[in-house]
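In the two complexes below, chain A is the common chain; its partner is chain B in one and chain C in the other.
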Partner chain A sequence: MAKINYKQISKKVFYLILPVIFAFLVGAILIVVSGHNPIEAYGAMFRGALVGKSALYNTLFSSTPIIVTGLAIAVAFKANLFNMGVEGQMYLGAFAAAYVGFTLKGLPPVLHVILCILAAVVVGGLFALIPGVLKGRFNVNEMVVTIMLNYVAILLTDYLTNFVFYSGEGYAATYPIEQSAYLPRFMKTSQLNWAFIIALIMACIVYYIFKYTRLGFEIKAIGHNVSFAEATGMNTRNKAIVIMVVSGMLAGIAGAGEVLGVHHRFIAGFSPGYGWDGMTIALLGKNNPIGILIAALFFGILKNGGSTMELMVGVPRSLISIIQGLIIFFLAVDYLNTEFGFMSRLKLMFRRKVRG
Partner chain B sequence: MYIIETKNLTKKFGDFTANNKINLQVKEGEIHAIVGENGAGKSTLMNMLYGLLQPTEGEIYIKGKHVSINNPRDAINLGIGMVHQHFKLVPTFTIFENILLGDELTKGIRINKKKEIKVVKELIEKYGFNINPKDKIQNVPIGTEQRVEILKMLYRNVDILILDEPTAVLTPQEVDELLISLNELREAGKTIIIITHKLGEVKRCSDSVTVIRKGEIVDRVETKDVTEKDLAKLMVGRDVLLQVEKPEAKIGDELFSVNNLSVTNKQKVRLLDNVNFAVKRGEILGVAGVEGNGQSQLIKVLTGLMKCTNGKVTYKDKNITNYPSEKIRKLGIGIIPEDRYKHGLCRNMKISENLMAGYHDTDKFGSTYHYNYKKIRDNRDELINDFDIRVGSADGDVGQLSGGNAQKVIIARELSMNPDLVIASQPTRGVDIGSIEFIHKQLISLRNDNKAVLVVSSELSEIMNLSDRIIVMYKGSIIGEVNAKETTKEELGYLMAGITDKREVENNG
Partner chain C sequence: MLEAILHTSLRMATPIVLAALGGLFTHKANVLNIALEGMMLIGAFAGVLASFATGNIFIAIIAAIFASMLFALLFNVFGITLKGNFIITGLAVNIFAAGLTSFVLQVAFGRRGVFSDPKIVGTTPVHIDFLDKIPFIGPIINDHSPMVYVSILIAIAVYFVLNHTKYGIYVRAVGENEEAAKAIGIKVNRIKYSTVYISAILCALAGVNLSLGNLTMFVENMTNGRGFIALAAIFCGRGTTLGTYVFSFLFGFADSIQLRLQNLNIPGTFVQMIPFIFIVVVLSIVGAIRMIGNLDRGIKDE
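After this line comes the complex of A and B, so read on.
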């Protein structure tokens, strides 16, 4: 029994890292073409990301927002709901956190932080309620709605930052938040802060929801077979709304973490696409919170080690983007494989050729 | 000399051996039946012959020649054709278009329709089928669809025809016609293999039988030498009651009633038309009918998957019209849905999870906010034991179970909650004979406990064995009610065909 499980697990892990391995291989070819040594380059990258306390801390820091956006997306994806609006929900959540951060004054630190996060959760969740209700009540495609709402969120916060709460410091940012709303850092030389701990707690909560609650059970059933879920009384239409809102709440927390832990104010356009990275991470981590943690850490390594690689070996940092893109590409191949038996077909074709 | 012979044919899926050293022998020009319980490995064997699966070990000989069959095209080139249980036809195409799909007769780049129709007409006449090549598939009865599948194979000049559960979807009259056609095909020199677990039909049409149990051949016999009982015993490995005994019904109070129930769809078609019936405690009410006469809609409305446009459903004097399924289950109504893998189970979820679905928000599996995995596992082990569900690994997914055992998962889940009424739709479709016996026993013991069962089935023998009273549906309404003890297959067959007056038949026929 145990033996079978072990075999299954190792097989699972193998399929999980397969796209990563392929991406690195293709990346290596590109490095060779550009006249460098791939082993040296990758070595520099991993060393730069993992060796030394501040390097390690910076890697964890880079992975913090994408852990949470990854979780937000996983909650929805697992139920086959395509919430592409995590980016926008995160922006609004971040703005809400900043607003509470600079408006309320004289609060004790912990309470202030909690209030800011709550504001982000509420606003993120409410914003996701729109596509949720449209999906649950009127069966409107959530993918289109969420993508469009991203623009609404980003441009709205842009406007608020530039015209309503403009700090006057020469760049599009709001007033700074009160010190009491800061999420403290762990050390001076790294930006790693308590947002990382919050991200870990969120991963635990999502794990708990998936494994131990009715909602988790229903998310799984809806994701696997929606008619079955409906026939066993899971009220899938209402559940779509609930799941969307939970996803949006998590996205809001991701935004709050950035405001309270890093920028200490809302900066227009602060996200380099955390919401979209979260999508890759959720896919790579197979919507499993533990898988998401690993995938997000891996992306942190890429991001943080990329600059070292550029500095030490001279391989441009944009290679990291190429590797990320290749991972998505090979994930799609993996999808083809599970859905259409791509690999076994290839094998069969190959076998026939050999036989003549 | 055998037309098909396999030597030590073995197929393994991982650690599981689906077929173990099968030595199948089929003579030219015979009808050979392959019988076995569900999950015994009949389909695996046929899929290897048709090139859908590759054997792990062993050899296949066709007409004495060692062959390797990599895909259905190879199989067809070798003269082997297969008709699947679920037909693969394009509903909006005509019969001739379906038959020639992929092998269109062309003139330049255009399809030569005239020639196609002529060719198909000749084919139909050659085999004496009574169908019109220009009909669209969506407009023809299911028996005709099956003919089209058979013709599709015959057009490709196969001389070995494999039929997978050919009678599962047919009315008794259609079954008779099919068996006659099969006989004619044999006379025309074709070899036919039919996979089935309906022993009555095996007895009626086959020349020889191979019995498979747990992936191995138990015996190969000449049909004339055995009785149905012998075959059942060979299949299951023990004596089987073909008809479950049931004591005299003790009819109690009315438990469930349906009044003037109607469903009209968006196209203003009446799918259900003024349906009225009542189920009393201590009885099994059977709903018979050819598939597609409103039974599916009736069950959907009664189990919360579809809303009725008119009418009233009452349970224990409470109006439960258009209740959603979670509320229906909470009132103590067990639901065994028609489509096992769509509404009853989720293939890629675990057995334990499937055993809690629908009741996953009761406190049976833990507190309100926290599932207790020990309780979930205990529930699973208890039900696997009580309902004799045969699993490879108790921790595995439902998808790995055979049809009969998957169905037992649903039965176990619904009956373990002590329902007062069970609404069962096609409870034994595609289920092996051993499991049928078990499921029937369960339903009858429920009835004996002064509870009630509403059972819908297109299987006449099932309806007749189980029910105390039978209502027959035709075109969305109830065309007649009969007492199960007094009726005959013929009487029901006529009602199912929409004929209420027997004299009419006698005069015309």
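After this line comes the complex of A and C, so read on.
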């Protein structure tokens, strides 16, 4: 255990990079079909995301919410719980943060920010409690429930924004939050703000949970084999509830970061699918906080560079979601698992032929 | 009033029914198919494109089925041949379908979000004369797009195939005990492949019904969770054909209530939550009843 097997790790990394390369190749074909030059398009994308200080800052900014949603999903995925409701939990968390942000007045800045984030954590966690309890108590498929609840959350916040807390500024947004609840920015030309630091802290916390706590061990055990975990005396039903709630809490933080750091108010439908991006990131990062950070930065590049690509070369940004879908396809297959491994299957076929 | 609501329910339920009947095959073969959503979306899109290009509804339907089958092939290769995780593969199908439709829309037509054109030919409602004579039932099932009647016929066919044919028994055998099925010589993977293709065909019809039956246009993400609602219907119906149909209809009913309430002076977004909340409530009730039933027999787990 103590020795790090570099060969094994490099093999793992290779099998993670391979899907990305495949996806980019298929993407290149689509770019050619649409009448553009793929090298030019990808070049514009990476230049737009990486060249210059503000471009780099913007890339970090784009990856901020998806780091947190990726972590939220990883917590559940690792225990084989498919929390697809991170999007909805994030919406409600964001709304709670905004609500505390504009109702409480005259608080010192740091305290106000902490209260807003706490509100988001509580609301996100409570909303995740519903699918958690349904899964834990009645064994209802959590996937369908969370997806249905996504629609509920998005519509509910839309209603609250448009009819209850409408600011009257012409677009569907609530009153602005107090200045004391702002997460400060690092520079004027980029929207990168302290939410990024919070995201990094969350990654550390999740790393700690996975590595050193009882919950982390239980998540791993349930993910590997539920029946075995139950046989060792673990109350897997209650644990499913706890894991869902933790996942929802993280989702709430993702929403709070967007409200306190970027929009400074709740905007109806503000998320372009951060919850879904989080899923790709959790898969690409193999549910490992460090892997998730790398994957989220990679997607930050794609997202930030995608708009440059659209502007400069004219290739639609939706190419990014195509690449995303393709990456997931290739990631779905567990090439490493020796029993079903792609390479060993080939070897097996070969061996069979030799034996005749 | 009630007749009108039920009429709308049948209309709103049809795409859910079709997708759920398709999903029933994969459910029986123990393949969790969340790609229903993506296959429906690509079907709707291909249908609209073909209808726009040729003006022929039959070619549109064939194009939709073809496109949907291609995505089913992807699902099969990655999920079954390469033994990938079904949920992740299905997710990939959904994201890929959403990305591809909006990419093609923008590259080929320079449109964003919505594609409507007078050249797109939709299905026309069918009026059956003799139904006029039947009170109450007549007005409910009359004057629908042909896909509604097709869906009813398909439901009967699915019941028959799953329960009274050799193929249906094979599908159930594969779903219930894969090893045993393999042992008696059933080609397990071939059966699984075929169920995914069947679900793709029915999802294509569901998609066509959305984009060419209820509307004559394509809107980005117009399936709006219907693939997952179909899954919910299957779970609530406990994998029986009749149960699946009844719950699909029920969810369509919730949708039609929502549409009707929107005409009153209630904010739209508030009312639109009704079907989704309704589904969660129904799922929990069904789950609770099943759990109590299990405990009665002294068995804690399934």
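The rule we apply is simple: the second predicted complex is superposed on the first by the 320 of 356 C-alpha atoms of A that agree within 3 Å, B and C clash if a C-alpha of one lies under 4 Å from a C-alpha of the other, contacts with A are read in each partner's own complex, and residues count from 1 in each chain.
In this text, a residue touches a chain if its C-beta (ideal position, glycine included) is under 8 Å from a C-beta of that chain, and two chains touch if they have at least 3 such contacts.
This is a predicted model, so every value here is computed, not measured.
*Asks:* For A:Thr232, select first, second, both or neither according to whether it touches chain B, chain C, the two together, or no partner.
*Replies:* After superposing on A, A:Thr232 lies in contact with chain B but is clear of chain C.
*Asks:* Identify the partner contact of A:Asn141: answer first if only chain B is touched, second if only chain C is, both if each is, neither if none is.
*Replies:* In the superposed model, A:Asn141 contacts chain C only, not chain B.
*Asks:* Does chain B (first) or chain C (second) touch A:Tyr159, or do both, or does neither?
*Replies:* second
*Asks:* Looking at the overlay, what does A:Leu107 touch: chain B (first), chain C (second), both, or neither?
*Replies:* After superposition on chain A, A:Leu107 lies in contact with neither partner.
*Asks:* Looking at A:Ile322, would you say it contacts chain B, chain C, both, or neither? Reply first, second, both or neither.
*Replies:* Touch status of A:Ile322: second partner only.
*Asks:* Given the touch rule stated above, what does A:Lys220 touch, chain B (first), chain C (second), both, or neither?
*Replies:* first
*Asks:* Looking at the overlay, what does A:Leu118 touch: chain B (first), chain C (second), both, or neither?
*Replies:* Touch partners of A:Leu118: none, neither chain B nor chain C.
*Asks:* Is the number of chain A residues in contact higher for chain B or for chain C?
*Replies:* So, of the two partners, C touches more residues of chain A.
*Asks:* Where on chain A do the contacts from chain B and from chain C line up?
*Replies:* In chain A, no position sits in both the chain B and chain C interfaces.
*Asks:* Which residues of chain C touch chain A in their complex?
*Replies:* Against chain A, the touching part of chain C is residues 34, 74, 78-79, 82-85, 87-89, 91-100, 102-103, 106-107, 224-225, 228-229, 231-232, 235, 267, 269-270, 272-273, 276-277, 279-280, 283-284, 286-288, 290-291, 302.
*Asks:* For the complex, which residues does chain A have touching chain C?
*Replies:* 30, 34-35, 82, 130, 134, 137-141, 143-145, 147-149, 151-152, 155-156, 158-159, 162-163, 276, 279-280, 283, 316, 318-326, 328-334, 340, 342
*Asks:* Can you list the residues on chain A that touch chain B in the complex?
*Replies:* 1, 4, 211-214, 217-218, 220-221, 224-225, 227-235, 348, 351-352, 355
*Asks:* Which residues of chain B touch chain A once you look at their complex with the stated criterion?
*Replies:* It comes out as residues 15, 68, 70, 303-305, 324-329, 335, 337, 339, 342-349, 353, 356-358, 360-361, 366, 369-371, 393.
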